[in-house]
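Structure incoming, see below.
Naming follows writing order (A, B, C and D), and every chain is counted from residue 1.
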């Protein structure tokens, strides 16, 4: 198939061309390759980071909108424009006129148009009139609230930076940057498309997981250095929880790497294309473990014990304020977003269109279908995973520390080893690398007809679906007993109901 | 923890000594919003006290005003017209539902789920609206008067109440689906915060918290007042899960069933109300308010045990204050949560830090009435 | 005692039930899909409006509420029609009284205090009833509408006298009052009268000194109304008020009431919350009815009195 | 129909309690009477007026012989203009609840009509007049009813009645650093009234605060 939007190649050629032309003017034309490399990477990093950071707005907006629906309320529909209402309720008025050189004029025209078309300005109601500049704010087709986070960010920027008197100042200042920088580094390893990534080392999966493990250190630093009981407890909880969930997650990823035969993220995705089946259908258990462990890693409900607001106020970031708090908040969502990308890459075939083989073989439509750039598929898949994250948050309460750890060590770890075994078996006996070949039609599951390669994912998926159904219906109807206890005064497992 | 802490549901401090994550010792500290209501009431006449009693608890204003009114009727020797008793019952039970919804809404964020909070406030709005129709305000209704009620149920009220209750009863199933059938909620609440019935009674804990431990004890039938013996209801009791007493889940269940019972009561009272639920009497009509003397003689006392949303509340009044008995000489308020909070603080010892909000929240603390 | 079927903390309940419940709720917010998940009770329109509220609502300017279907938890809004169930009223774009008119029946809602000062007799019942002492009686310069009323059985009237006060009606104020939005206004309404001190009454035109600018001027006697600076008035500290409505109940006349408005009670300092009579008074366009009623009452009494006197005089004459 | 204790049951229980108390404490100055509420169902309750000397014995009798297991409220009143022997009064309100610990998975559903004897809920009101003086003292019942613990703390805090034998007495509602002997519900403390002028001259209260600090009015 191949991605026609070969951004990496274009940037590579462009920057080489540029550097050659430039360096030919200097006495060192031989160095043009290095300069070209520098330019290329700078541009790519800018593109990748910019792309992901900007689409984080989508994530935040999605979360608010989805939660609004799930919780049966409307999400906030104020927007960046709420900033335009000045002190004492006085509107800032047509602020765009103050922008020099008339650059604000298009904004003014747009606002005027929107007020005219979609506004509900009512002269009889001064309260409405007072905020008339955004009287169209609730109009659905404008994605109300999309820029709220930008507004929040601006607010954070203007806030005072406070350090508690007894805090360990150096570590206190370093911790947020440790967290955010290690998070940003992860993004550099994520390919958005076959030919669009900042860097693609051979062992990119290993490297990425290693970097993913740095942030907990920052969390612990932050918790310790704030010199506050809540932050300390949050930091320690975070350390314990992240350790407990890092291991099953790594083993789940190891399974993916084994079946793909590579530690390189691009090759993992290529394997899914070549084998003709997403890893989700080959390793459903691994996907589940990875998802659960990732929710715990990014500390979201139901695993948000480190920042449990009911007892630890805001956990390890209680003492932070202003933009440092904003950075931590952003880092949390960036990690979540990275987790979504990783899931999409590991289990959902990355940038490859779903059913590329089948749909792609339809004349006309198939050709057009395959022309959709991979970036779009990557984004869509990541967002779809994020929907699950938001959904979890709405549906479930928070688990207690000891229950989290127990679940991690006693359930997830054995299961992850089980799925490792499955992956090894599949690799050894089915997906032998000798059989691998790349075809435009989406791998040999489709080429080989109804052969082994098609049947294996079907069987695996079927088995797991049946297990899922069996587990889902095992409640005895009419049971009024109280079957379960989580008694904390005694060692787990020794307490029996009704004693 | 506190005075500004999400766990406190108000403004108080719980000093917690922890060993790692386990709670070793606790000590509550109250009084942050002590307003001196008892002293203020000594210089207000009997009608003027009613709005102050509303403000004892912002989540359950109606029941507190009624609690006061029953006591002052005991002091002034007044019999309340029957229709007024029915309207009072409807108002109080609506407030009980609203208060329990507020409790549920505050409790689920304690164990980490914000969804139910939003749902609860959504449904509480229906009952606040109904009570606004009665009292004219959204939270502090100033609805009952010594001797009766301020105004009769307005036209269309019965229709709306029936429609809203029908909807709410369906919504209860949704809550149960999201909480009772959610494993994580069960493991957070079951087996946590055991409290035995006899210990609770000895320590002064009453109301839903005792009924959760498997004892059907309710002031509404034990010391009957109003017309509770004429409407259809049973007091809600939960079977405790262990000999150790009731856990958080039991207390959650007992409040859920209590809300259902209150709905039943309201519907039944609307059917049985003398004069019919469609008629509206003028304010001051003798059918809804009795003649009340404005002065209480010296030496007269009045008290009344009342089933508040959180337990047994009581007012104790002495007549013969300033203005030749126009003001009460002494007003004393029994707040159920004032006694409960020290008990809960001891209950928490031995559990995890994460259980503190879960246990504290399950007893439904309200600091407005605690500190008075 | 029916007990809820306790579920087991198993796999199904770990994910499926809560997920399904929240999904159902989310789907319900979309009208087309939501109908399938409504379980037969959702968005069922009920008889929520009685005839009185319906009549009242029809005049509303902001929302076309007559067409709206009401359900137990207010399910539709004009503002965002694509979403069901606006649990939050999008104030100030929507107002609660338009969504749920039955909550704001005049006389039943404890809103901003309004007083028809013209009919107030300064009996101070409201001051005594107030638990918070936020009402205070004062006097102010005003035209005595009751006593100055004309007609056979009109008031006792006052007479213009030198050194006393007079007032001239300002043109156009009443019309401006008609367009004034009493719901959200945060300011004192414009006075209908311009007051002046009477200096000379000897001619057909009186010489007066205007209170507002201090200039003296000659005004036609016929234009002058009698004013008095000892007319009862009141001050209310709305920052202390707890809206219990006891003052309204205490008023045995038609003067004191609590309006349906919840706007217009904010300020930037506590002093802003001291409402003097100008802020609480009911404008002439609306209070005229009450004033007329009181006047009619007085006229009736006066008439009876005079008739009695006449009869007594007649009887005396007959005796004599 | 909601169940309820009938007035006959109520009357029987109160009469029995009156008889029991008078039988045990007759002649010691303790008076027990059956009093009717003057509103609602006109239910009866047990009212005891006891001298402070007898109080602890009476309390134990109530708790262990009459099964009065719930201390609802402890209240003190200050009568500065009262008689010499009644300068203070402590009022106790107790309830008898038919409450027993439950086995797992079991619950008691009282049928109100069948309750008899000590199972019938009972309301008790006890007055203990104390002599005039600066330090009214009464025996603490903290060890008998745990629920009396914080009630007594509150009564001492607000009214200033001392409870002999109370462990861990402390301020609960007033600030912990309130001056010794300051009990706001005593009658010599008048409500401070911000009159009209004071309120309007200094609405924010800025000028009042410095003069007030450290003073107890």
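What we mean here is this: a residue touches a chain if its C-beta (ideal position, glycine included) is under 8 Å from a C-beta of that chain, and two chains touch if they have at least 3 such contacts.
Here the structure is a predicted model, which means the values were calculated and not measured.
Suppose you hop from chain A to any chain it touches, then on again the same way; how many hops at least until you reach chain B?
The fewest touching-chain steps linking chain A to chain B number 1.
By mean C-alpha coordinates, which chain is most distant from chain C?
A
Looking only at C-beta pair counts, which chain-chain interface has the most contacts?
Highest contact count belongs to chains B-D.
How many Å are there between the centre of chain C and the centre of chain D, using C-alpha atoms for each centre?
46
At what distance in angstrom does the C-alpha mean of chain D lie from that of chain A?
Spacing between the chain centres: roughly 61 Å.
Just how far, in Å, is the C-alpha centre of chain D from the one of chain B?
21
Can you compute the centre-to-centre distance for chain A and chain C, using the mean CA position of each chain? Integer Å is fine.
About 55 Å, centre to centre.
Which residues belonging to chain D are in contact with no fewer than two other chains?
If we look for residues of chain D contacting two or more partner chains, we find 104-105, 107, 109.
If a residue has to touch 2 or more other chains to count, which residues of chain C qualify?
Correct list: 1, 3, 6-10, 13, 18, 21-22, 25, 87.
Would you mind listing the residues of chain A that make contact with two or more other chains?
70-73, 394-396, 481-482, 484, 497-499
Enumerate the contact residues on chain B facing chain D in the complex.
Against chain D, chain B makes touches at 30-31, 34, 36, 38-40, 42-43, 70, 73-75, 77-80, 196-199, 201-206, 210, 213-217, 220-226, 228-234, 237-243, 245, 265, 301-305, 312, 314, 316, 318, 329-330, 332, 334, 338-339, 342-343, 371-372.
Sort out for me which residues of chain C touch chain A in the complex.
3, 5-13, 15-16, 18-19, 21-23, 25-26, 28-29, 61-62, 79-80, 82-83, 85-88, 90, 92-93, 181, 184, 263, 268
Given the complex with chain C, which residues does chain A contribute to the contact?
Its residues touching chain C are 66, 69-74, 88, 120, 122, 124-128, 131, 135, 138, 140, 391, 394-396, 471-475, 477-484.
Give every residue of chain A touching chain B within the complex, in rising order.
70-73, 233, 237, 301-302, 304-305, 308-313, 393-403, 482, 484-489, 495, 497-499
Touching residues of chain B toward chain C in the complex: what are they?
44, 47-52, 54-55, 115, 119, 121-123, 125-126, 129, 132-133, 135-137, 140, 142, 150-151, 154-156, 159-160, 163-164, 166-168, 170, 174, 176-178, 180-184, 186-187, 234, 236-239, 253, 256-257, 283
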